[in-house]
Amino acid sequence: MGSLLVVSAHAGDFVWRAAGAIALATGRGERAKVLCLSFGERGESAKAWREGKTLSEIKAIRRAEAENAAAVLGAEIEFLDAGDYPLRESEELIDRIVHVYREVDPAVVLTHPPVDPYNGDHPAAARMALQARVLAQAVGYDAPGEPLGAPPVFFFEPHQPEQCDFKPNVLLDITSSFETKRKAMECLSAQQHMWDYYTGLAKRRGVQVMRNAGPNLGLPHTTMGEAYMRLYPQVTEVLA
Amino acid sequence: MGSLLVVSAHAGDFVWRAAGAIALATGRGERAKVLCLSFGERGESAKAWREGKTLSEIKAIRRAEAENAAAVLGAEIEFLDAGDYPLRESEELIDRIVHVYREVDPAVVLTHPPVDPYNGDHPAAARMALQARVLAQAVGYDAPGEPLGAPPVFFFEPHQPEQCDFKPNVLLDITSSFETKRKAMECLSAQQHMWDYYTGLAKRRGVQVMRNAGPNLGLPHTTMGEAYMRLYPQVTEVLA
Amino acid sequence: MGSLLVVSAHAGDFVWRAAGAIALATGRGERAKVLCLSFGERGESAKAWREGKTLSEIKAIRRAEAENAAAVLGAEIEFLDAGDYPLRESEELIDRIVHVYREVDPAVVLTHPPVDPYNGDHPAAARMALQARVLAQAVGYDAPGEPLGAPPVFFFEPHQPEQCDFKPNVLLDITSSFETKRKAMECLSAQQHMWDYYTGLAKRRGVQVMRNAGPNLGLPHTTMGEAYMRLYPQVTEVLA
Amino acid sequence: MGSLLVVSAHAGDFVWRAAGAIALATGRGERAKVLCLSFGERGESAKAWREGKTLSEIKAIRRAEAENAAAVLGAEIEFLDAGDYPLRESEELIDRIVHVYREVDPAVVLTHPPVDPYNGDHPAAARMALQARVLAQAVGYDAPGEPLGAPPVFFFEPHQPEQCDFKPNVLLDITSSFETKRKAMECLSAQQHMWDYYTGLAKRRGVQVMRNAGPNLGLPHTTMGEAYMRLYPQVTEVLA
Amino acid sequence: MGSLLVVSAHAGDFVWRAAGAIALATGRGERAKVLCLSFGERGESAKAWREGKTLSEIKAIRRAEAENAAAVLGAEIEFLDAGDYPLRESEELIDRIVHVYREVDPAVVLTHPPVDPYNGDHPAAARMALQARVLAQAVGYDAPGEPLGAPPVFFFEPHQPEQCDFKPNVLLDITSSFETKRKAMECLSAQQHMWDYYTGLAKRRGVQVMRNAGPNLGLPHTTMGEAYMRLYPQVTEVLA
Amino acid sequence: MGSLLVVSAHAGDFVWRAAGAIALATGRGERAKVLCLSFGERGESAKAWREGKTLSEIKAIRRAEAENAAAVLGAEIEFLDAGDYPLRESEELIDRIVHVYREVDPAVVLTHPPVDPYNGDHPAAARMALQARVLAQAVGYDAPGEPLGAPPVFFFEPHQPEQCDFKPNVLLDITSSFETKRKAMECLSAQQHMWDYYTGLAKRRGVQVMRNAGPNLGLPHTTMGEAYMRLYPQVTEVLA
C-alpha cells in the first residue's frame, strides 16, 4: 500500500488532469499528496486580474479552491509558493522537492509531461520533479529520511496533447472515481467551462479504454478514463 | 486465465526472445501456443547448408528442435511452412493466421517488432500477425469462431535492438522461469554459442529489472529479465 | 475555385472526419467529390452482421447512408467496391484512382493518415491515394486528361489520433458548417452514439482553434473545429 | 495589417534567414521590427578579431551593418547588447523581450529553431523568444500594454538545416522581394562569400516552391524562396 | 579493393546523386557497377512525351544518356527495364538483384533513401535493394556465387532532403572528382537546368564538408561535396 | 596524430564506457586526456556512504581509483571537483572546460549522450562539453591558445541505452585493447560486479562488430566492442 505523489506546477492542474487517479488511490486507502509549486496566480487567473483583485487575494482564492478540491479527493496538499509565469527552476526549489520525496516515499509519481509549447511552467515543474526524484535516490544526498526507491513516473495529460508529444501508453479506467473527480472540479468555481470540457475528455478517454481493453471485458458504455504516459519501462512478472 | 499466442517468423525465434514469458504463462497453468510461419530453413540454417543437407532435411531438423523446445516450455506449436528468405506476405497466409486467432482466442499476443534492417522476414511476420489480429476482430470476417477481443500485443527483443527502434517499455522478471528457458535453448543444438549469448542478455535485462523496480523491492542479484515493447496503450485500473 | 477530392477507405469515414471541410467547400460553390474505396461492409458493420443481414444487404445499406450524407453536404460520391477487411492494394485499384484524379483535377486532397494500428484499411487507402496522386502527375502515365498539378494533401483525424502519430498542424474552423456536418452524421443511423462523440470532438478541436488563433480574434465560445495534418510544405506568399 | 517581430541572436541572422519575409511585409505596408539580442561580436566576427579590432569597435561595425540592412528592408531594429558566445539566458533578458512583445503586439513572430549543434546562442535566443511570448500573453504578467494574443511562430532556416532537425513546412515565395534581400545582404560587407551562398539557397528553395505549388500555377523559373517551420498548428477557414 | 554497387530506380538518379562517389571509386581503380531498375521512361521524361516521342524511343534516349554518363565515370551499367511509374516490387525483380549482388560482391552499396513522398519509385527501389542484400547473404538462397558479406549501405541525397527524412551523417569530399561528375551530368542533355542545380548543391555540401572537418584541415573554398546517410553502424578500429 | 579528450561527469564513467577507445589511442602513441567534472562522490558511492565514510574520504578514494585506471590506460586525468548530484551547470565551469579544449586541442572528443532519465549529471556534463567545444572555436572567446577546429564528438554508451535514445552508429573494435580495459576496470575495486557486467557488454557489442563488418572480414569470435553515437556528420574522402 504505497503512497501517491503528484507534482503540479499550478494549483488547478492536479484536478483536471489526475483527480481520477488520486481518488482511485485514496479510495483504496492509500495516502495521496499533492505538491503545488505555485498557485498559478499570474498565468492562470486571468478573470481575477480583470476583476482587479490583488496578487495576494488571487493566491488566497486559488489556495482555497485547491484545498477544497484536495479535500474532496481525500488527498493532502502542500504549496511551495515558488511563483509562476515564470516558474523559476532553482537548486533550492529542487531541494525542497527532494525533502518531500524523502518524507512521502511515494510508490507512484505523477507530474506534467516535459514538453509544452503553450506553457513553460509545466515543463519546468516536470524537470524539477524528475531531477529531485533522482537526487532523492542517492544515499549521499543530504536530506532526512531513507534514499528513495525507483517509483514509476506517469505524465498526466496536457491541454493540447499532440502538440506536447503526449502519446498515451496507459489508459486508466476512472469510472468508479469519476463522480468524485467531477465534485473536485466543481471546487474550481472560476473555471466553470472547464468542468464540461474535462467531463467530455473523460468520456473520450473512456471510449479508448473500452476499445483497447476489448469487447470481451464487457465494460459499460459509461466508462470514463484518464490518459497517462509512462516515463520508465514497466516492471512486471506478468504480461497483460 | 487467458491464452498466450506467439507468432514467430522462424523456428528458433520464440526460444531466444520469449521463452521466459512462455514458461511463466504455462507455469501459471495457462495455454500457450507458438505459431511458426516458417522453419527458417534458408536464412537461419547456414551450418546445415554448409554440411550439404537438403532442404527437406533441414526443415525436419529445425522442426524437431523447435518441437523439443516447445515441449520443454509446455507450449503447443504449429508450423505453417510458408517459406523463408523471403517470407512472402499473402492474403492466404494472413487468413490462416486469422483462423488461429479465432481458435486460440489469445489474451496476449507476442511477435517481432515491425522494423529490422537485418532480416526482412521478421517485419513481414509482424505485419501479418498484426493485420490478422485486426481482421479476426471483425464479426463480418468469414472464419469460424467468435470475433476476437483486443488482446495486447508485445514485441519481443530483436538481435540488435537499437537498430530496430526497439525501446523496451516492459521489463519482464523471468527469474523463476529462466532455468526452463535455458533448457529450451539447449534444444537448439546447432546454435550453441547462442545459449550463452542469450543467458548474458537475460542477466543484462535482469539488471534493468532491478534498477527500474527499485532497491526497495529487494530483488536478488540473480534476477533475469526479458524486454518487450507494448504496441497499444496499457489499460488498467491501478497506476503501478 | 478548385475542386476537393476525398479518398476514404470505408463509406462513413468522410462524414465523421471531414464533413466540415466538405461543407465549407461546397458552401463556397466549389466542387467536392468523395471516393469510397469500399463500403466498410465487413469491418464496420458489426450491428448489421449481428442482425443476420447478408453481404449485399449490408453494402446497400451503407451505400444509401453514404449517398444521403453526401447529398446533405452537396458533394458527389463514387464507390469503387474494392472490398474491406482487408482492403487489398492493387495496381488496378490505384489505376482507377488515377483516373479519378485526372477527371476531378483536385485543388485539395483529403485522405487517411498513413499509420493506424487499429485498422489496416485506413493506411492502405492512404498509400493508394498518395501513389495515385504521384502517378497522375506524370505526362507519361497512360490515362485520359491532363497531368495533375501538385494539390496539397491533408490527412484527416483518425479515431485514436496519438496512436496514429497524428499531430495536427492545421486546425480548420468549421463553425459555419457544423450544423450541416451534424445533419450528415445523422444520415448514418446505425451509429447513433457516434453523433455525440464527434460533436464532442468538434467542440474540443474548436477550443484549440480559439487557443491557437488567439483571443484577439474574438472567436465565439461556440467555435467548432476539425484537425488536419499537412503532408507537404505549405506554399505561400504571406506568413500568417 | 499586423506587425512582424523577428528575434535574432546575432546582428546578421535576420538578413540571411528572413530578409525576404521582412521585405514582403514592409512592402505590404506592415510594420516590421528586428530585435537583435547581441551583435555577434565574439562568435561571428572572426575576421575583425584577426585584424586586431577591439570589442567595442567590432560591436560598432556590426551594429552599423545591421542598421543599414534593416533600413534597406524598411524595418526597425533594436539591439539588446546581451553578449554572445555565450548568449546568457536570464530572467531579466526575457523580461525585456516581453516588453518588446507588448509594445509591438506582433501578428507574426520569426526566430531561430530550438536545435542547433553548431551554435548554442541560436537555441538560447529561440528559448527566450518563445518563453517571453507565453509570458506576454498573461494578464497577470507585470509589463505595460495589453496581453499578447497568440501570434504564430515561424522558425527560419539554420545554416545546416538537417542537423538542426529543421524540416520546412512552409515555403515562402520571395521572388518579388529578393532583389531587396540581396541589397540587404550586401550591407554585410565582411561576409561577401555569403551573398552568393544565400542567393544559391534562395534559388534552391525557389525550386521547391515551384515543385510544391505545382506546374499549374505557372510560377517562373526565377522563383526564389525562403523556408520556414511553423511551431503551432495553422488556424484557417480554408484548406489550401 | 572492393567493388561499388549503385542501385537506382531510374536512369538518371545515379548521376545527380552519386556521380562524385562513383568517380572517386573508379579513380582509385575500383570496380563500380550501376544497376538501373528502369529507364524513368514515364515519370521522368516529360519533355520527350510532350515532343510526341514513343515509349521505345524514350527508353532508347534515356539508355543512351545513362550509358554515356556511366562511361564518363568509368562505371559499368546494367538496365533491368522493370518499368516505372510505378516501379512494381516483385519477387522476380528482387531475385534478379540478388544475382547481381552475388556476381558483383560489392564492398559498398548505394541506393535511394526509403522515404520519398514525391516519388514512390525511389522507396520501392530502396526496399528491393535492401531486401535483396539480405537474401544474398543467406547460404540457403538459391543463386550462383558465394553468400554476400555485410557491405555497408549509404543512401544518396533525394531532391527534397528534409521531406524525405534525409539527415546526412556522412559528407563525402568530392572536390577531386567533381569535374568528372559535371561531365557526366552534361551527358543528360534533356535536363540542362539540373546541371547548375546540382553544381550548386555540391558547393553547398562542400561548405558543410569544410565546416564539419574544421578549419585546421585547410580545405580550399572550392571544396565540393555529396551527402549520404548510413543505414548500418560504421565498424571501425579508429574513432575519427 | 591528434589528441583524445574525454569529458566525464563522474570519476568512473570513462572506464566503463570508453576505456577501450582510450587504450587504442594511447596504444597508437596518441595523447589522451580524461576530464572528470566531479568524483561522483554523492551519487555513485553508495557503498562508501553506507560504510560511514566522510565526503572528503570518499572523494579521495574515487580520485585514487580513477588515477590508477587512467594510468593503466596511459591517459592523463584532471578533476574539476565541481560537485555531483547535482552537477551544477555554470558559466564558470564551462569556461574551465573551454580552457582545457584550447590546451589539449583534441582531434576527437568523447562524452555522455545528452539524454539520460536515470542520471541528470550525465546530460549536464554533455551539455557543458558541447557548449564549451563551440565556444572554444570562436577566435573572439577570451582564453589562451588557438581557436579550436571542429573535432568530431562521439557519445559513449549509457547504462540503459534504449531509454537514453542511444542508437549506436559507430561500433569500435576493441579486441586488441580489451585486456587493458579489463585491468582499468579492476582498479575500481568497489564496483566488482561491474567488471563482469561490462565484459559481457563488450562481448555483446563485439558480436555486433562481427555482424556489421560481415563474415568476409574473418573477425574472430572473441571480438570485443564499444558502441558510440556520432553527433556530427562524418567527413571523409572514401565511403566505407
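Chains: A, B, C, D, E and F, in written order; residue numbering restarts at 1 for each.
Criterion: contacts are C-beta pairs under 8 Å (C-beta built on N, C-alpha and C of every residue); 3 or more make two chains touch, one makes a residue touch a chain.
Quantities reported herein were computed from a predicted structural model and do not represent experimental measurements.
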Chains contacting each of chain C and chain E, listed by label: B, D
Interface sides of chain C and chain D: same vs different residues, half threshold: same
Superposition of chain B upon chain E: rotation angle, C-alpha, nearest 5 degrees: 120
CA centroid of chain A to CA centroid of chain D, Å: 37
Inter-chain centre distance, chain C versus chain F - centres from mean C-alpha coordinates, in Å: 52
Touching two or more other chains - residue numbers and ranges from chain D: 118, 147, 163, 168, 208, 211, 232-233
Chain-level touch network, classified as line, ring, star, complete or other: other
All chain pairs that touch each other: A-B, A-C, A-D, A-F, B-C, B-E, B-F, C-D, C-E, D-E, D-F, E-F
Touching residues (chain side chain D, partner chain F) in the complex: 41-43, 45-46, 49-50, 55, 58, 85-86, 88, 117-120, 163
Contact set on chain D toward chain C in their complex: 4, 21, 24-25, 28, 107-108, 110, 147-152, 154, 168-173, 208-209, 211-217, 227-228, 230, 232-240
Chain E partner contacts - residues on chain D that touch it in the complex: 118, 159-163, 165-168, 193, 197, 200-201, 203-204, 207-208, 211, 221
Complex interface listing, chain C residues touching chain E: 91, 94, 130-131, 134-135, 138-141, 147, 231-233
